[in-house]
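Pasting the structures here.
In the two complexes below, subunit A is the common chain; its partner is subunit B in one and subunit C in the other.
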Partner chain A sequence: MTTNTFVAGDAFLYHFDPRAKLLSLVLFCSWFFLPISLVGLYGVVFSIILLGSFNTGVHHTWRTFRSILPMLLFMVLFIPFNVRSGESLVTFGTFTFITREGALQAARLGGRFIGITYVCTLLFATTPMTEVMLSLRWYRLPYKASLVVTLAFTYIPFIADSFSQISESHKLREAGEETQKKNIFKRLSELLPTLTSALVVALRSIPNLAMSLEQRGFGRTEKRSMYHTLNAYTHPFTHFMLSIMIPVVLWVLCRT
Partner chain B sequence: MQENKNALKVAVVAVLTAVVVVFTMMVRIPTAKGYLNLCDVAICFIAFTFGPWSAFIAAGLGTALADLISGYAQWAPISFIVHGVEGLLVALIVRQKGDETISAIKKIAAGIVCVTTVSMGYFILSAIFISGFSVAAAEIPGNIAQSGVGVVLGLAVATAVKRAYPPVRTLAW
Partner chain C sequence: MEKSRSGSMNFPDVSVVSTDCLKVNDLSFTYRSWCAKKNEPILSHLFCTLEEKSKTLLLAPFNTGKSTFARIISGVCPKYLPGSMEGDIQVCGKDLAYTEPWELLLTCGYVSQNPQEQFVATCVEDEVAFPLESLGLPQKEIAHRVDEALMQWGLEALRTSSNQELSGGERKRVLLAVQQAINPTLWVLDESFDDLDIHWRSQLADLIRKEDNTVLVLASRYLTQFDDLFDRYALLEEGRLHFGEKQEILSSFSRLCDDDLPNPLINQSISLKKEHMLSCASLTTERSRVSTLETNIFTLSVPSFSLKSGELRTLVGPNGSGKSTFSRLLCGLDTPKSGVFSLDERVVGTKELNRNVGYLFQNPDLQIFLPTVREELSWSLKRRKDLKNAQIQEMVNSCAALFSLDLDETPTTMSYPQRKALQAAVYYLLDRPFYILDELDNALTYSTALKIIALLRRNGAGILLITHDRTFGSLVSDQGYAITDGVLGGV
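And then the complex of A and B:
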């Protein structure tokens, strides 16, 4: 199981200060909820997609789009039929199928959804997780909270690996038994021993981890482990200014 | 002594967060909204075994991290709130003193609260922040099924783990 969301690259977003990127993520996610014109919304969404393609590659951009495609289809199919008010666009006899208001609402929600998805994906695709953590530390995320996230990332591959091995072992025990199609309840009940074994393996590692933390001086004033500071990025002030200015200028240009 | 206790707390929450991520990502059934998974099994297990704060942090953080890793980052804040509250409420309902067994009424109440929190939480927050009410409503049955299975399996797993690994009781805080 891979826990890495970083896509290797060398385009300009990779050299942008991660603290400024985090700030612009929050500002852009808020920007999509402001009263803005539909043309402006799609213009910005299209620019973000273009920026993403340039930085992380067309393949990654397409993969992100494919992951949200089912949800977008749902939006297009459901929302217009649920909004009955406004001027009718498509009618069958006396029955109004789609109204102008419904179509506009679907378009706005769809655009917002695509925009938020790409803004979030771009941050994690162009910033290594360690730098995201260090940026959060810079924003005063408590030491304990950072440690929990870092340790969780360390333990995910170990627990996932144990889960796969235990699952395979349980499957081998069933080798030779009738392989007829089982219903969902049977399959879920057969999952119980695998889940129990995987949990016991994970829980057994807790005392060792706690002991290791104590030995590294956790909770004392003289710690033997601490987070290093974020690597120096050139022009952090400019990056912070840009991450504030761009959403503000876009809002001025696109507001209704 | 206090430092030792703090180290244990951090270790418990970190490993349980990783458990929630693995349970969320290892078994997946794709749907329109994203995917159905076994995260509720892990969350209910933690709530039944470890208490409210471990359940709140591990459930919220674990599901949010799973969303980030899977490329559904836009769902991470919603998952953090919904599943965090789910873990907290279930754990508060089934909390007992010492080795008391959990009564059937408490288990049923925990099940109802779990299903309601997940389905209503996702419905309200998705409707407001992501997809609008009609699309969010279409996802309610899937969420009910996922959390319902989660409660039943979570309870069964909690009982089995307590029997297979009795020291688990000493890890709760």
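And then the complex of A and C:
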């Protein structure tokens, strides 16, 4: 549960005040739900992806995209079937498969999903977890609540990590010769035991973490001190202004 | 008397002055059973007294309750590992029945044999700083102690590294650095010399010798670094502790562990079906840590390597030298930057390596996931089309008997050495032509580890053993490979 999401780097986002980055995160996540044009939405998503590639590298950006791809495909494939009204785009006899509204809604939801994922990933990839925690405390969140929030944000990467470790282990434990290529359904059904194992590992880690936290003094009555500070960030005002201005300007440009 | 930890605030002050650092009176412990079968007590009427500043070595064979004892005295068992406990324990005058684990921060420090389970922070320096923050120390003092501990354990270059990117030995060093930064009165070190290379083992021995703290080292093997280090020796047998003279304890321990039995690898008769050879030449690979800005990327170069059926070879090298990196290449989990692997002089890809080279990870928990030992052992066999259910059952039963495993037991509640045995049993059933054993000897007795190697080699498998223990390495083979400055060569 202590998976590190930080990707070391020296680009400008690494020098951006984490408190301002947290504010940006909240504003951008809200921005995606404002009445904006689809072109504007994808323009911003594309810019965020570019920003991510510049700061954390193309490899990390691609890895993030790959990790959300199954969920994204699921959304894009199934949402259009649920929206039955409007101009039909794909029909089979008298039965309408996909409508224009359905396709637009899937595109919008997909764009929001990618955008929010990348905004969150960018924060945690360019900010060490201790600084995220210090920022949350700066916003007057109690220490325990900040710890819970940061642990919650590392939990999904932790499950992903466990998943890849278990996949590797299963790969080495495959018995017999591989005779034929597996189809997509076979592959999906084989994912299930790995996913279940990953969830079991993730759940099992909770008492271990609780045990270790208590052994490291979590729960003591003394006022907790902090090893790190945010003093190295010398331009918080400018960064806060940028954090507010960028989403506002983008909204003005992209609103419908 | 059943003890309860709840409502500790309602109890009277129990900080009784005592000259003994640890006093255990009539301790018995039985793990809660999660199935119909009741568990036997793992500790039974155990008595133990450790004087202040004493250095004690507690030897215990495979699966006899050593780690349970360590966890009880560090206050986390039975709180997090449920079971029924009886008896009285006092650590530096604090009655454990009324003391929470966080209250023992300055009193009793515990280093677990499985370093993975003790990490609470996302990077090395934060791991060391975390308990110091809990103590409310000023920032300058924390910085000073963190720097000192990291320097002492050679971790300065890794201070911002994430624990997932560290090798097993580096993880152990981080936990020892944490211990040193807190500097509790009683140090409980559970197999802490394991995973460390010779240099860091000597450093830990020097630290134990030099410091004034009370030290309890729990081990399942007697290492050369233990010579002249302890003033007391104890043996954990049938749930009880026996103190005695060094020679007396060592000979009883050797008898208990079957170390006096002949080495099963000497003159082992193997039934070789077909001779294979795994080799590579001019291989290079790179390893980088994403959580740290590195100026020099680690490169491992392998001019030549070969392993034949039935051969036993060791692979040695300092912590973080690339032993596990090479192992991952050899079993096809990673692909090299340049160079290829050949099996019987035929170039093979990762999939073929996956199916021909069994890799027992350093940490067994990364390879054991299913709810029962039976399911874990039968997982791979069920995927074979040539086996019927009855055959699978028979194979699983005989394998469990060979490795002393209970088929209905839950792996997560088993001890660490038992989980290592289960991991080996899984690969025993796969019957691969080659095996890489990554520090198999950690937490196992020599006899158990040798028995496992002999079992894996029964059909002529070629074995590459990664170890830091020269004594154990010499019991396995006098030929092998070493990694020095990023180059793998023969020794």
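Here, the second predicted complex is superposed on the first by the 167 of 256 C-alpha atoms of A that agree within 3 Å, B and C clash if a C-alpha of one lies under 4 Å from a C-alpha of the other, contacts with A are read in each partner's own complex, and residues count from 1 in each chain.
The definition used in the following text is that a contact is a pair of C-beta atoms (placed from the backbone, for glycine too) under 8 Å apart; a residue touches a chain by one contact, two chains touch by 3 or more.
Everything numeric here is computed off the predicted structure, so don't read it as measured data.
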{"item": "Which superposed partner A:Leu13 touches (first subunit B, second subunit C, both, neither)", "value": "neither"}
{"item": "Contacts of A:Leu199 with subunit B and subunit C, given as first, second, both or neither", "value": "first"}
{"item": "Touching partner for A:Glu214 - first (subunit B), second (subunit C), both, neither", "value": "both"}
{"item": "Subunit B versus subunit C as contact partner of A:Gln165, first or second or both or neither", "value": "second"}
{"item": "Touching partner for A:Met226 - first (subunit B), second (subunit C), both, neither", "value": "second"}
{"item": "Touching partner for A:Ile98 - first (subunit B), second (subunit C), both, neither", "value": "neither"}
{"item": "Overlap of the subunit B and subunit C footprints on subunit A, listed as residue numbers", "value": "2-3, 5, 200, 204, 207, 209-211, 213-214, 218-220"}
{"item": "Subunit A residues touching subunit C - in the complex, by the definition given at the top", "value": "2-10, 60, 128-130, 154, 161, 165-166, 168-169, 171-178, 197, 200-201, 204, 207-220, 222-229"}
{"item": "Sites on subunit A touched by subunit B in the complex", "value": "1-3, 5, 33, 63-64, 67, 70-71, 73-75, 78-79, 81-82, 105-106, 109, 112-113, 116-117, 120-121, 123-124, 144, 147-149, 151-153, 155-156, 158-160, 163-164, 188, 191-192, 195-196, 198-200, 202-207, 209-211, 213-214, 218-220"}
{"item": "In the complex with subunit A, residue positions of subunit B that touch it", "value": "2-4, 6-8, 10-15, 17-19, 21-23, 25-27, 30-34, 38, 41, 45, 57, 61-62, 65, 68-69, 71-74, 76, 129-135, 138, 149, 153, 156-157, 160-161, 164-165, 168, 171"}
{"item": "In the complex with subunit A, residue positions of subunit C that touch it", "value": "74-76, 79-80, 100-105, 110, 117-123, 125-126, 129-139, 142-143, 146, 160, 162-165, 178, 289-293, 331, 333, 351, 354-355, 358-359, 361, 365-367, 369-371, 379-381, 383-386, 412, 426-427, 430"}
